[in-house]
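Attaching a single structure in structure tokens format; questions to follow.
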Amino acid sequence: MQEMQEICLYRELVFRRLLFISLFLILCIVLSLLNLSIGPISIGIGEIFHTLITQGNDTAHVVIWDYRLPWTLMALLVGGALGLAGLEMQTILNNPLASSYTLGISAGAGFGAALAYILGIKVLPNVPMEFVVPINAFVFAFLTCMLIMLIGKIRGFTSETLVLGGIAISFMFQSLLALLEYYASEETLQAIVFWLFGSLTKASLFKAQVVFIVLAIVATLLMLKSWKITALRLGDEKAKSLGVNTERLRIEVLIYVSLLTSVAICFVGIIGFVGLVAPHMARMLIGEDQRFLIVGSILCGGVILSAGAITSKVIVPGAIFPIGIITSMLGVPFFMFLVIRGRKQIW
Amino acid sequence: MVELGVRDVSFGYGSEVVIKNVTLNAFPGKMVAIIGPNGSGKTTLLKLLANIIKPSTGKIMFDGVDIRRMDKDEITKIVSYSPQENVIPGILTVYEVVLLGRIPYLSWRISRDDLEITKNVLEELGLEIYARKYANQLSGGERQMILIAQALVREPKLLLLDEPVSNLDIRNQLEILDLIKRITRQKEITTITVLHDLNLAARYADKLVVLNRGSIYTCGEPEAVLTPDMLSSVYGVEAKINRNNRFVQIIPIRPLNRGVEALGQNF
Amino acid sequence: MKSKVIVLFFLLVAVMLLGCAQKPVEKPEEAKVIKITDLVGREVSVKVPVAKVVLLYGLEDYSAVGGKDALKKIVGLNSWRYKKYRPDWWQAWVANYPWMAELPDVGQPGKTFEVEDVIKLKPDVVIADKSMYKYMEEDIKRLEKAGIPVVFTDYFPHSDNVTQLFDEVNKSTLILGKLLGKEDRAKQLVDFFKEKVNKVVERTEKVSVKPKAVVFATWAEWRAYGKKGMYNFWIEMGDGENIAAKVVDASSGDVNPEFVLKENPDVIVFTCNNNFPSGQRVAIGYTVDNTTIAKEALKELINRPGWENINAVKEKRVYIIHHGLSHGHIFEFVCLQYIAKWLHPELFKDLNPEESLKTFYDNFIPLPYHGVWATELS
């Protein structure tokens, strides 16, 4: 009897988590369907499904396959990638306010993109124009991560070193970016600003596939480490005492996160606050057990960015409101809330 | 059951030597307390035993086997180390914190064994009622109990505790140390704990190790080790030892002049 | 430094010599102090005609009013703005007047403007654009203390009212005339401008069906010019319907790609400067010799899903135009002509915007006409 009770307790914990994960999953599906069905051209839900399973060249097919589906999938996947990347950054840096900004990854990506726009510097030759900017952004985002890694190698992988290193790198890239902007022509400058703002209008099915593959691989790899990452939340000493090689784990997770963040932001530009808010929401509802939190953060990020994507379409039907502004409007109050409530409640 | 052997172990950060030629033995079912003034290397010694840091010279043996020849996972399964810090930052339930102690055994699906052992340990420590609570909402004493539960849930053969009762009230101190001693005996664990409170050390330890500036000053049974002489040369304190009661009792009188102490050591 | 001094010295000598040579002709033009109400509503006293000018904006408009002589009056120039925003025009000026490259660059207000440099140059007047006013309020005080008047023109009026809008442009031209002692020529320009605009507006009054049009920027795929954008005025005056104005209130904003499919525009216009972003291509502008690159760029620009069914694409009514024509200058009527012709090709069969621009250059701008300013998908 007693034994049953204990197992019940564990089941109860798992059940609660699965419940919230299912809830997020349902929300993802509902929001994605909404995303697919909202647009200036009205297409009935039945026709949408029909269009999705058939091939054709009519307006409905073009609208669904070429515009709405990439947009919807990109919102879901980039949101998920940013959510997961944010979660693991917060975990390995032991800092509730960590995000791709904190580590300077966004600034690095922005600099890479600007370099492509202004100087026409391609890091890879012979790529189509559409991918020059993303590839540059990706390479620089990833280089930034390697730079942080280098700092970690020299000074040790404590959260303080990484956060301070990230801030330093961030400032460095921001000033380099400012320098580039100073020499940029008017239109190039506008193109850079537009890129930095982030936009889902750059979505395509191919890009969505790339993000999906990277997200799936990284999530699986992190899943295999889920207990060790959870142990990090007990504090470094504790984790070490449990036999976790915290330094190696940090490096490993940092590489995964770098890859994920770089891929997510290189296609859509910098969309702020999703990576900050999603993991916190998931953590509050699901708890720290990474086996569930990894999935929860991905889904929660997907929910947030999908909701943002819908909002950006419906504020003025026919126009696209900048999604970065929407996520910031959601994120900034949440950020303030985190700062004011402090660690006790949420972290 | 594991017999711990430390042979001539030294360790330093850079040129600064923290542990100097330490040799000691510890046996199953016995509780060893490491005492010594601040900065004498107690925590470092414990970390060396926990295989978190590696000795620069000398060797550490479990049952006569050099741990450098052992698999890392194997060591993790034998040793439980509970660091001094008892803050639990994450939003984890007590149940999860304790379950995490079984990390070397955990996989994506949790086995019935893991659940059962966790249950048993919680019961044994009287923590079932807290199982659903969040660990960071508990008091210091309760948290300490949970971390001990976490250390025990791995069913260790060597239990290393760094100041398990600091910052606890007198009742909690007694309860926790009673528990540790009971489990040490019952499960024949080799327990090594750092303790600051000399009276508690005298009362619970089967053997005391006095660490001074990284070296073992002396070791042995509490009655033999705790002498006014030791206290004056290691701690720089003039003290009276009261042996009339059931327990050895140290009554500090006053700190000795540091100049005199230094002078004494130069001679 | 030394070379600059020498150049300046020679310039001064040249100006003086020229002045001497022409003295008998322009004798009646004696210096007098007049009051000018500029385009930010400030009343400024200036001794006219001015001899030394620091020009922060509108070299084209300034030279259209003042001619070649006026160029030599410039002692300081905001060349930063040219290099950054209109690189092709800058190349043209420097190619024809190499000494312009040596002019002190006083910088762009709000960015690189150095009031000290201006004071050192001791100009008779500083000519700036209204959009710079908010960055210059402190500088104006210092300049006035040094006895240097600042006059603001406005070639970027942000008004919903077309009449008022043209009034501002014309007033600016007349002020330049007063400052340079070329009031007749300024009036001539204003009349020319009015005539060109009216010619288009009068004809479109007969139009019954307004074609749908949209103007896209080239630096972001779906960035269209909205209600407050200058292109909206040109489309409205050319009797078309700017579809983006329905959903974009600001001067520009992103439209939903589907919206374009749904609205099915009859005319699509892309606008860009000489500095085409991201492609590192120079497609259009003063320095371009033929339309090949622009036509290629157009082909790439229309390569978007579903666009093959859009009227504009089907009928090849897709165009590209130099952004510098659209607003900010005295020859912006050329943009109106282009757009009117693109909207109503039958109605404006006889209208040749390129010819108008060439005529304008030949008559007013001291530069030879050159370049590709607009072209269509072929």
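Each chain carries a letter (A, B and C) given by its place in the written order, and its residues are counted from 1.
The rule we apply is simple: contacts are C-beta pairs under 8 Å (C-beta built on N, C-alpha and C of every residue); 3 or more make two chains touch, one makes a residue touch a chain.
In this text the structure is predicted, and so the values were computed from the model without any measurement.
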Each chain counted as touching subunit B and subunit C at once
A
Chain centroid nearest the full-protein CA centroid:
A
Mean-CA-position distance for subunit C and subunit B (Å):
81
Cα-centroid distance, subunit A relative to subunit B, in whole angstrom
43
The subunit A residues in contact with subunit B across the complex are 2-3, 6-7, 9-10, 13, 94, 223-224, 226-228, 230-231, 233-235, 237-238, 240-244, 283-284, 287-289, 291, 343-344, 346-347
Under the definition above, what is the set of subunit A residues touching subunit C in their complex?
39-41, 59, 62-63, 65-68, 116-117, 120, 129, 132-133, 184-188, 190-191, 194, 199, 201-202, 313, 316-322
Please output the residues of subunit C touching subunit A within their complex, sorted ascending.
84-85, 87, 217-223, 246-249, 253-259, 261-262, 272-273, 275-280, 300, 305-306, 309, 323
Given the complex, residues on subunit B that touch subunit A span 50, 52, 72-73, 75-76, 80-85, 87-93, 95-97, 100-101, 103-104, 106, 108, 110, 112, 115-116, 118-119, 122-123, 131-132, 136, 147
